[in-house]
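Paired with chain B in one complex and with chain C in the other, chain A is shared by the two complexes that follow.
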Partner chain A sequence: MSNEIRIISREDLPKWLDQMLGTFTVVAPTRQDDYTNFGVITSGNQADFDAVNTRMSPKQIFFPKTERLFGFATDRQQVKLDDTPQQITPQVLFGVRPCDARSIAMLDKVFDTDVYRDQQYVSRRKATTIVSLACKQLAPSCFCTRLGSNPADMAGSDLLIIELPEDRFAIGTLTPKGADLLTAADLPAQATAQDAQAFDKAVRIAQDTTVKPIDSDKLAAKLARIFDSAFWDRWHDRCLGCGTCTYLCPTCHCFDIADEAKNNTGQRVRNWDSCMFDLFTLHASGHNPRPSQRQHLRQRVMHKFSYTVDRYGQAFCVGCGRCVNRCPVNIDIREILDELEDYQGG
Partner chain B sequence: MSSIEQELRKIAADLLSTKKVDLVIGYESGSAGIGVRPAFIRSASDADRLVYNPLCGHNLSVFLNRHKGQKVAIVLKPCDTRSIVGLIQERQIDRDLLTILAVPCEGVVDISRIEKIVPPDTIRSLAIENDELVVQTDQGPKRLPLKDLLSPGCAICKITEPVISDQVLGQSQRKPAEGDEFAEVQAFSAKSPQQRWDDFCSEMSKCITCFACRNACPACYCTTCFIDASGPKWLGKTDHLSDVQVFHITRMIHMAGRCTGCGACLRACPVGVNLHKYTGKIRSDAREFFDFEAGDDPDAKAKPPLSTYSGSDPNDFFM
Partner chain C sequence: MADPYLPYTVTIRKITIENAAKDIKTFELVFADPAQRQQFDFMPGQFAQLSVFGAGESPIGIASSPLDANHISFTVKKYPTGVVTTALHNCQPHQTIGLRGPFGNHYPLLDMLGKDIVIVGGGFAVTTLRATIRYLLHESKRSDFGKITFFYGARTPGELVYREEISTWAARSDIEVHLTVDHPDESWTQHTGVVPAVVTKIAPASSNSIALVCGPPIMVKYSIPALKDLGFAPERIITSLEMRMKCGIGKCGRCNIGSKYVCIDGPVFSVAELERLPQEF
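Now for the complex of A and B:
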């Protein structure tokens, strides 16, 4: 399963982070007012290991809300472009929940392919070691198991930490990058064979679920079939058309490109976009192929459960539950999935 | 089921079965862990989905502009009726097509207040029992007094009666809240310009510009919001603080004499931006400078300050 297991006590976790701070920028869940969000820490004690999910997903660490693509300056003679890449320093993304780590592996399929390789995204990914923290329990809004995942899923992680009894944590090595981080660490306890067994057992327990996962191929095919059906008639009734679901979503990755210029200088930027917005896919002519909230909401479901299955071989939803929790009008993607599976109309 | 719910379901079923309306907009139970959500009832047989309790925070009048030309009945709390008054005065609503079902309100729950006490990761369900909220968690039920969970505007609300209605359901038990409605605004105004600016910057730095505040606001009905003007683009949509601030400042100025203080923006915000403080300032200014409080006067001909001009308008704020 995993090559090497190490053991660390709860007390030593912040100390391990302090050690990393010498070499890396460390990004971890930190408390901000009423919730946690990923932020750069300056001391291991600032990290919060107990919140199930941060309010915002970690996607913005690799795919920021606003990304400068290049700068430009014009004069009468010429246009000067400045596409010097941003300085990217080695970083550790610590305390990511397995669902979020899995979402990063999904984003890789979009931004790091043979057809298109996003320079900034790929540089940040290469410079980042992802240390995940398996969930002790599912929050009421969690549904990772429905997406074929589990609270100790290893996809996207370099190291996976699982809590054992008595405030001890087992760290499993999943990639060479993770191994490097662990080798550099000065951790007190070596794992015993018993610890390794405990790690494997915890992983098996996490994988053991009675929840029937969605059949993403079947669902994608059904979605393609019912594109024009009455299934979409009512879900959008209460949709406000805000960007909460898509902005909080760890896998949503639509963007809009804009020039921010003053006089003759400026920059081209890439801002997050949302299929929920009226402006989404609005053509220069004024025509929008998705003119109302009905089409907007359908687009969100189609993109997550049909187009990505066709293109990348998997549904782009990890079941983190952020959209479920924060939608101001309780549009619950789990209910849409349930009804989709039962829907018999054409 | 409360007597209000019973009455509401009966009225809704009657209105739909007699075809007096095509649609009833009210509230229904939400999915697990989420109290209630807006409901759109189109047949009498669905009327028993309707619920009404202190979790019903949404200002449903926001949905009306999508149903222009239809006969709609809508469930409104006293403060929500003030939004309708504004929409009538701004000629956004055909009053003849609208049936207002006015329900009494003792104040609505602000979910973020629950989450200060009970971690959101553990909330399995919410239910109202008398004057308590029962939160089911993995560790068992927690009973919280409703009065400690009220949305900020509700704790200081003076509005006990609907300003406009067709059918009034139930009996309001509520007395106007004591205390200064604008205490938070006064505390803010008393700060130095630098402190006010720092406060505003800090609050705005939380904003992710998802526009939930705008989209939950009944007074934000522009066909194209200034921030969405794209041909040519008027304003930037980057995560730079100045872009975020320009959006909020412009929207708030547009709220003068129009914001009723219903708190829908506050409750919709996914990241807890306290807009109430600033919209409260705008409301208090509209009252002070123009002697106008949005929604106070149900006369369809009343003119909100942004809809009219007089030579004697205060202009101290000009250079």
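Now for the complex of A and C:
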């Protein structure tokens, strides 16, 4: 739990961001036409504190859509590799919603492993302080509570900000990194005992929910059991295989590796990829273990709710609702979950 | 810690054409820095990612034995549409390519100690089995294992790879070699027919035995029941799987069968393990 609470007014939030700008690159939700996305800000006023959530998830801050792994130059029979690491500057990721912060803690389990540590991801993670903003309003597509989370979940955050009445915000310190950011800040108000209570109460209220969370272990076991069942016959028929769901999902992390070269010099890059695409599993021989959309969709659900439970001990869905909102044919993961829980077939 | 995406650079020392169709070649590679060969510490059954810079990377089983001190070799089949395998086949000796690894698990050599070993291979997928046999036959290792029986088949005699080396094995008394082809030519004197049928006919003893199977999916599929009929328990039948791969290190999410990643949890699995996984490979 939080050991130090500070108070800031709505008016002072942008000023705090301005203070950070001296030391950090600050990435925050910014308004673009009719939606919000994370972007680098140059002034605290550019941050949007009220958007329910950003269209894209923040995963690209740590795991960019496309990223250079190393460069190469070939000269007749010789090769020179250029593995100069990219410049990674200290940054603050500000205004992340708790569901998304939680997804970052999940991605850590994939990339920040003892063996085969993914250095670019880990360097960015290390250089970033995550300041989350608890949700005061939920979108119709939000379902974090079904995933055992809540609008003030602290997983993955260094600081958590909760809005209190009268345009005041309480900032809870969750990690030493968060504490450093707060110590460096010139914030006017120390929290009173009453404020600290208000913070704790807000956290409790967020947790106090009537929604019954899914039992991820049970669901994982059930999914393994019904792999070959008729359950999977009906969801995929309208799926376009467009990959929007995986692209927007904060926990989807599959990628492709490809070489880009011109005149003997080039780079090896990794790009986001998607299990919803036919080519994902196609062997050079023509064999494809997952040739149909039925299998693609099943893979996506199995990966999120069964394989990750086996592998990392938790379901890799935070209930952000992005896939629900943006699927062009309204395939709704919540509906799949509901029916899964009820499904009796074998 | 080393960047797991950054390959070593290695030089092609020798290229051998392995089959009549000339689409299978063995590449003998040497490290630019001999200390890197030490670092590249592997066991038979593991694979590596070979790269031709500009074309990309492909996972390929290590075909040489860890006891081959100076080089490391890979046998690669070129696919007509295959970008990397074609680029590899276009390489010349002395050219520098990339090598990342070793990756994956290996054949269960510890469990194999003191046991009879039945090895069943087909086509060019025999690569890591060849690495295993070279290892088992090494003078420092041979006495650690029991009888070795090797079954190997291909469609035609010209498609059997490592022919010369295999004939030196056949001449030895400490390994029994059974070659078979679907379509023999006039000079063919050995078995005819598919590998599983030859396994059934020769019927190697299953007591205190372990079987390693690697080959085309259809061969593996029919060899498993043939071995089970001979009394091999599913835990004692070991095979190596292939899935499309990219990272080789359990991150890119591509090569899964159920919750297992073939690149780090495999490629070697026992049939008992496979029977517990979704049949999606």
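Convention: the second predicted complex is superposed on the first by the 345 of 346 C-alpha atoms of A that agree within 3 Å, B and C clash if a C-alpha of one lies under 4 Å from a C-alpha of the other, contacts with A are read in each partner's own complex, and residues count from 1 in each chain.
Following the convention adopted for this analysis, a residue touches a chain if its C-beta (ideal position, glycine included) is under 8 Å from a C-beta of that chain, and two chains touch if they have at least 3 such contacts.
Just so it is clear, the model here is predicted, and its values are computed rather than measured.
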Do chain B and chain C fit side by side on chain A after the overlay, or clash?
fit
Quick one: angle from chain B through chain A to chain C, Cα centres, nearest 10°?
90
Between chain B and chain C, whom does A:205 touch in the aligned arrangement: first, second, both, or neither?
neither
If you stack the two complexes on chain A, which partner ends up touching A:65: first (chain B), second (chain C), both, or neither?
first
With both complexes superposed on chain A, which partner does A:289 reach: first (chain B), second (chain C), both or neither?
second
Does the superposition put A:40 against chain B (first), chain C (second), both, or neither?
neither
Between chain B (first) and chain C (second), which, if any, makes contact with A:307: first, second, both or neither?
second
Once the shared chain is lined up, is A:255 touching chain B (first), chain C (second), both, or neither of them?
second
Would you give the minimum C-alpha distance from chain B to chain C, in Å, for the three-chain superposition?
5
Note: overlapping chain A surface for chain B and chain C spans 256, 258, 282, 284
Where on chain C is chain A touching in the complex?
1, 3-7, 9, 11, 51, 53-57, 79, 81-82, 85, 92, 94-98, 217, 242-244, 246-247, 249-254, 256-259, 264, 278-281
Applying the document's contact rule, which stretches of chain A touch chain B when the two form their complex?
32-35, 51-53, 55-56, 64-66, 137, 139-141, 234, 237-238, 240-244, 247-248, 256, 258, 260, 269, 271, 274, 277-279, 282, 284, 286, 324-326, 328-330, 332, 334-335
In the complex, chain A touches chain C at residues 69-70, 72, 74, 77-79, 81, 83, 110-111, 113, 115-119, 224, 227-228, 253-259, 261, 264, 266, 268, 270, 273, 275, 280-285, 287, 289-290, 295, 299, 302-303, 306-308, 310-311
Complex interface listing, chain B residues touching chain A:
30-34, 36-40, 58, 62-63, 112, 115-116, 119-124, 138, 206, 208-212, 214-216, 224, 228, 230-231, 233, 236-240, 267-268, 270-272
